[in-house]
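Each of the two complexes below includes chain A, the first together with chain B, the second together with chain C.
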Partner chain A sequence: MPEVTFTQPSGERITVSADVGRSLMKVAVENLVPGIVGECGGDLSCATCHVFVDVPWVAKLPPMTAEEEQMLDVTAEEPTAASRLCCQITLTEDLDGLSLHVPETQR
Partner chain B sequence: MTADSDLLIIGGGQAAGELAAALRSRDWGGSIAIVGEEDHVPYTRPPLSKAYLRGEVEAADLYLRRPDFYDRHGIAVSAGVAVADVDLEAQTVTLDDGRVRTWRKLVFATGGRPRRLPDSILRSAPNVHYIRTLADVDRLKAVRTDGASFVVVGGGYVGLEIASVLRSLDAQVTLVEAAVRLLGRVTSPVVSEFFRRLHRDRGVDVRVGTAVVEYQYSDAGNVIGAVLSDGSRIAVDQLLVGIGMVPNDELAARAGIDVDGGILVDRFCRTSANDVFAVGDVAKVTDLDGEPPRRLESMPNAVSHARVLADYLSGVEQPAVDPPWFWSDQYDIKLQSAGLVVPDDELVIRGNPDERRFSVLYLRDGVVTAVDAIGSRADYAAARKLIAQRVLVDAGIAADPGRRLLEAALASAGTTD
Partner chain C sequence: MSTTAQALLPDLADPASFQDAVPFGAFDYMRSQPGFYWQDASIGVANGGFWAVTRFQDILDIEARPDLFSSVPGAAWPGTNLPADPQLNPTIDLLMHMDPPRHSSVRRVAAKAFGPRVVKNFDPWVREIVVETLDHIGTLTSFDYITEVAQVVPALVIAQIQGVPREQRQWIVDRTLDAFAAQGTGDLAQTAEAIEKTMAYYREELIPLKLREPQDDMTTVIAHAIERGDVTIGEGHSFLNLLQGAGFETTHTLIGQSMRMLLEDPEVAERTVRGIDELGPDKVVDEFLRIITPAMFMSRTASEDTVVGGQEVRKNDLLNLYFIAANRDETVFDRPDEFDPWRTETASLTFGSGTHRCIGNALAKLELRILFEEMSKRGFSLRLDGEPQRGRSVFINQIRSLPVAWA
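Let's turn to the complex of A and B:
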């Protein structure tokens, strides 16, 4: 099972392993990763699963849809070029070792 | 004396599941029990009238968290069990199988049930459907749709979403709404008209300002015909009823807790009884800075209550700050709404409804208070910011789809207190 690390604003690193095919938002929520809310369940309606992808991984992720890009406009913390909504990232074997930072706030 | 649960949640829907998880994510260490009538761990209801009815997702996909989550986090879920009685003095609940459970804090997450048609024969008619639970939709999914005649009573979001799925399954659909327009309680006439035309264009026979005056039955007790107030008669293979929800507040009322069309709570979800709370569809919030008390029937509201109460129980008094929000999927159209529409709001329309991509902003004293965005996540996203920040906007700029909506912001109209 691929492992993913969510780094908290405090610097605390939370590494979880999860099944291929699940969304990163679901993985975070099921492991009670603080700071990932996923209020709308992955419908691209809430922008509360915002993450900053650690730079080496940015290009390895599937590209954003126009819808995801639009919803990044409403995140609580200003998005950057490394921003994604993690409900849109499906876990694959290739993403083993993926490293992300959780923003200070989601709303 | 040790209680069976430090916190007992009555009801096993999304509000219950999110509350339990939110408490654990805040390192709340007490024992938690969820007692729910349905035979499932907490699940999310919005897809029931959308992807689940279309057959695109399974029941397990609707679960908020996998069943083993609850064991791993010390949350005891009793599914398929109802609470029959609550005793506030003894701090107990009596379950429908007679068992008694003690608690220290109690949460009503009892939700609601579909409002029924008054006709008593309809209650037992096998081809009458209400939409609230997985079991309700499983029953609907079992019937033949191809070419069958469905009558949908009620032009609210549930009725419209069901109608759109039924059309994609090649059913003939007649939608009957007694009020003069669809979605009359929740949006403006321009949005109502958009959806009326959308459904009409997709082949739904939409009858607004029309009521069913008589149901006709077969010998077996099935509904076979509906006589409408316009004098026409429609043959019925299946009847769907989506005329609203009744809050399940009776158990609380019997226990002596204040109710009035819902369980009355303050902004921290506290009821009139000590250590007793209510969240989600059943909770009616009374202290809203001079606004009338309100009870919202929506998943985001349930999640918001869960978060507020989890904070409160963890020692943080942080009332909800986001405006209420909502979404609906019909055919290939997505509606996203935020804020609450009030009848005398000023309307600003961005874009063209004929292009199926437009948004309606609702302004009060120059401040955006609500938005309905159709096919425009960008406007929805921007409007949510404007609503939360309570800024004055330039209505002329806001109405110009060639400019970004955030450019319409003029100045702060005062901070939220």
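Let's turn to the complex of A and C:
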């Protein structure tokens, strides 16, 4: 099972593991990772699962759809080139060790 | 349930039950009982009534499953059990009456305009509207806070967002009030007629104007989205109409009810002033939002037989999700009836939850925050100058009149 680490604004690191094929947002919400809201349930209509992907991992993720890019305008915190909505990240074996930062606010 | 207790419970389908006050005691009782409370109703329902859902977690669970609990037959009883045939249903293109994936594609177009970072930039011009409004009441001696402040600020704010020219703003606000009154009757024909007046204005006047002279406003965004084919004509027009109503009625209720609480309860007044001082206005605004809950519920319809919250529900059963009751759920909020801006449990259901969570929530908070900031800057101090009047609504925690004078 791939492991993913969410680093909180406080510096606290939370590592979760889950089955391949699952949505990273859902995994984070089920593991009560603070700061990942996922209000719309993965519908790509709320932008409350914003994460900053640690730079080495940015290029290893599948590219953004136009819809995801559009929804980055709606995030509470200013997005960067490393921003993703984690409902759009599906876990694969290749993502084992993925490391992300959680923004200060999601709303 | 004992028949005595049942006899004492208010009829949630009757506006009279909300005329004097929100029946919080009854909601507390319903929350303490297993399953949901069944309320008989004769309109807006397929199965003879609706379930009153009053617990916080049950509402989260229901709103997280649009596949099981649909918004398509209507989202606010009695405007529910609507026909699926678009010819018979004037609200078929309303964002609130959609499930994913249709909902998602329309919502994305609108969400951009109300994101938290976008709304932050509204501060200067919203403040201008608030300052203008306060300048005006400064010239009055005694007045109705509802008509002079609570209605004016959100009406001007939403008109600005839509790009309605100044001289047409009062007209469009009056149409919004008409549509709310019509929806409250549950009469589809009357509702359609009221909605059509606003829709015709957007369709025939404002959208053509914005296509000729694009501006930084919502009508321009929607006009272009229709042209590009991102939304249909019906979806675009319905969204503009929805914004008009949603941005107005609930915010006006929030502004009016918060002032009523401040004037009637010295403890609320003291905690508001001290809270703004110690915590900043945002947490005070959040606590008013929780305790007032302007839109008291939203509705969902079960799309199949299922069990939720310990209750068996049948296909087509209507569930009214009483946010106003859940916001005082004692398993979630400590001393739930107490106004306490310092509380740490701040995630309320005032804006609902899930994919339909209120798109304008950042804007509503901004309006009340700026109003508090500007009032306290001026040291404005009001007192009650007559009997406040609630509205007759099963849906909105309405206040119709709040006579005040300078203290």
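The rule we apply is simple: the second predicted complex is superposed on the first by the 107 of 107 C-alpha atoms of A that agree within 3 Å, B and C clash if a C-alpha of one lies under 4 Å from a C-alpha of the other, contacts with A are read in each partner's own complex, and residues count from 1 in each chain.
One rule holds for everything that comes next: contacts are C-beta pairs under 8 Å (C-beta built on N, C-alpha and C of every residue); 3 or more make two chains touch, one makes a residue touch a chain.
These numbers were taken from a predicted model, which means no experiment stands behind them.
A.B. asks: Please indicate which partner A:Asp96 is in contact with in the superposed arrangement: first for chain B, second for chain C, both, or neither.
C.D. replies: After superposition on chain A, A:Asp96 lies in contact with neither partner.
A.B. asks: In the superposed arrangement, which partner chain does A:Glu78 touch: chain B (first), chain C (second), both, or neither?
C.D. replies: After superposing on A, A:Glu78 lies in contact with chain C but is clear of chain B.
A.B. asks: Per the contact definition in the header, classify A:Glu104: touching chain B only (first), chain C only (second), both, or neither.
C.D. replies: In the superposed model, A:Glu104 contacts neither chain B nor chain C.
A.B. asks: Looking at the overlay, what does A:Pro34 touch: chain B (first), chain C (second), both, or neither?
C.D. replies: A:Pro34 sits against chain B, while chain C stays out of touch.
A.B. asks: By the touch definition at the top of the document, which applies to A:Asp43: first (chain B), second (chain C), both, or neither?
C.D. replies: both
A.B. asks: Could you give the residue numbers on chain A that contact chain B in one complex and chain C in the other?
C.D. replies: Comparing the two interfaces on chain A, one with chain B and one with chain C, the shared residues are 39-41, 43-47, 67, 70-71, 73-74, 107.
A.B. asks: Taking the complex as given, what residues does chain A use to touch chain C?
C.D. replies: 39-41, 43-47, 67, 70-71, 73-76, 78, 105, 107
A.B. asks: Per the contact definition, I'd like the list of chain C residues that touch chain A in the complex.
C.D. replies: 64, 66, 100-101, 103-104, 107-108, 111-112, 114-118, 353-355, 357, 361-362
A.B. asks: Using the touch definition from the top, list the residues of chain A that touch chain B in their complex.
C.D. replies: So the residues of chain A in touch with chain B come to 29-30, 32, 34, 39-41, 43-47, 67, 70-71, 73-74, 107.
A.B. asks: Taking the touch rule as given, give the residues of chain B at its contact with chain A in the complex, in rising order.
C.D. replies: 21, 24-25, 44, 46-47, 64-66, 69, 73, 299-300, 303, 321-322, 325, 327, 336, 377-378, 380-382, 384-385
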